[in-house]
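The structures come next, written out as structure tokens.
Consider the two complexes below, in which subunit A is the common component and subunit B and subunit C are the respective partners.
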Partner chain A sequence: MWVYEKKLEYPVRVDTCNPALAQMILEQFGGADGELAAALRYLTQRYYMPIGEAKAILTDIGTEELAHWEMIATLAWKLVKDAPVTKIKGTPFEAHFADHGRNPFPHNAAGNPFSATYFNAKSDPIADMHENMAAEEKARATYEHLIQLSDDPGVTDTLRFLRQREVVHFQRFGETLELLKEHKERKPFY
Partner chain B sequence: MDNKRRNMLEEIQAVGFVLIELNLYLDTHPNDERALREFNTYSQQLKRLRTQYEAQYGPLLNSGLSPSQFPWKWINEPWPWDM
Partner chain C sequence: MNKKRCIGYELATAYIPFQHYTVSFPPMEALRKGTLFPELYKPYQLGKGIR
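And now, the complex of A and B:
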């Protein structure tokens, strides 16, 4: 089960009202390499993992990704919560507003709704851990694009924190891959 | 949110973050005794900070992990996305 903590993992500050930037940030709320896809990917892959280290890292990183998902929503929310409709009209956020108003919704920057086809679970620990390492690198790249698009210092600070977390997750999954390989050599399946 | 509350919360977030990092590290280095000692020390510190904060501002955890004064304080504003 899960426990909710009534706080964000890291303080999120937003200095401006910027609906266009909110729409771009939603890439990490419901996009292919976003935080929701990451959380569901890791939490879904746990069941057949052969070693405790892998079950633990998928549980704990999957849980941290949910905390990041909440931070991304907070960024998008704070960027639009005080925006008058006149400041939304004509921006890329206008189409989002037509359906969802100012509340965030899991779609990517282009408006495509979230899909479980963004990730997989193969019952093959080695294949899955490679997917996870690639996913972390792609998330890092997305954060670097978003940092280039942001002209809000508070938003940029949070994006930098989230980018750094992807680097750490990549490192931990790489170590898990080595542990899985060692395990496989100790226990031949034929 | 006043400054005192923000400072207390930021301290909880800072110590909580150290614990997330140590937790992930220990998952792949379960035999690192020094990291484990640090994990246990920071866990105690987080518990102290959380108890102090909750006495003034209400529960940080749901499902029975934090007590509440009367009336039920869990519903109090602000929620994390409005802080």
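And now, the complex of A and C:
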């Protein structure tokens, strides 16, 4: 069960109208290493975790990723909400507009629709924790690419916040990996 | 197993040191930075490490 807060995790400021940047931001809305893939990955993997700490961290971080997904949608929306069609024509956002109008939709920057093939759940806690650590690093790298592409100070500020959260999550999954290794060593003796 | 641990790290295994609580940023600064912990704050430097 979830409790919904009617506010964003971090205040999202957007200073410009920029459909091309919105299209790039959608990489983190429906891309392979985006926030939706992250949320579904962690919230799917928690069931077979052998220790409570691992279940808890996957639930906590999976939930936070949903909050990040919401922030990404807010970024993409604010970048296009006031854009006249003439400002959308000829930008990479034009193809998105043809199908979805200005509303965000989970696809990557190139327009490929979201797919559950972006993540996995192996019933192997050690293997999955490695996937999660890699996912955080790849998301961090994606945010660095987006920061390089952004010329909107408000968007860049939010991207920096989200990137830092990836660093923190990597540490938490690393600590969970240590706990899982410890648990695995203990197991034969019960 | 424990003996191997004592003399060092095992091959084909990933390790991450545990974080131990020391100090924290004030709440507003922590929100701005994206973490409560100075030792986990690793901001991206634009132009650095870009190939």
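Please note the rule applied: the second predicted complex is superposed on the first by the 188 of 190 C-alpha atoms of A that agree within 3 Å, B and C clash if a C-alpha of one lies under 4 Å from a C-alpha of the other, contacts with A are read in each partner's own complex, and residues count from 1 in each chain.
The definition used in the following text is that a residue touches a chain if its C-beta (ideal position, glycine included) is under 8 Å from a C-beta of that chain, and two chains touch if they have at least 3 such contacts.
In this text, all values refer to a predicted model and were calculated from it rather than measured experimentally.
In the superposition on chain A, A:Q148 makes contact with subunit C only, not with subunit B. In the superposed model, A:E175 makes contact with both subunit B and subunit C.
By the touch criterion defined above, A:V167 reaches subunit C but does not reach subunit B. In the superposed model, A:K6 makes contact with subunit B only, not with subunit C.
When the two complexes are overlaid on their common chain A, residue A:H130 makes contact with subunit C while staying clear of subunit B. Shared contact residues of subunit A, touching subunit B in one structure and subunit C in the other: 10, 168, 175. The residues of subunit B lying in touch with subunit A in their complex are 6, 9-10, 12-13, 16-17, 20-21, 23-25, 27-30, 59-63, 65, 74, 79-81, 83. By the touch rule above, subunit C contacts subunit A in their complex via residues 1, 13-16, 18-19, 31-35, 37, 40-44, 46, 50. Contact residues of subunit A toward subunit B in the complex are 1, 3-11, 53, 56-57, 60-61, 64, 70, 73-74, 77-78, 168-169, 172, 175-176, 179.
By the touch rule above, subunit A contacts subunit C in their complex via residues 10, 130, 133, 143-144, 147-148, 160-165, 167-168, 171, 174-175, 177-178, 181, 185.
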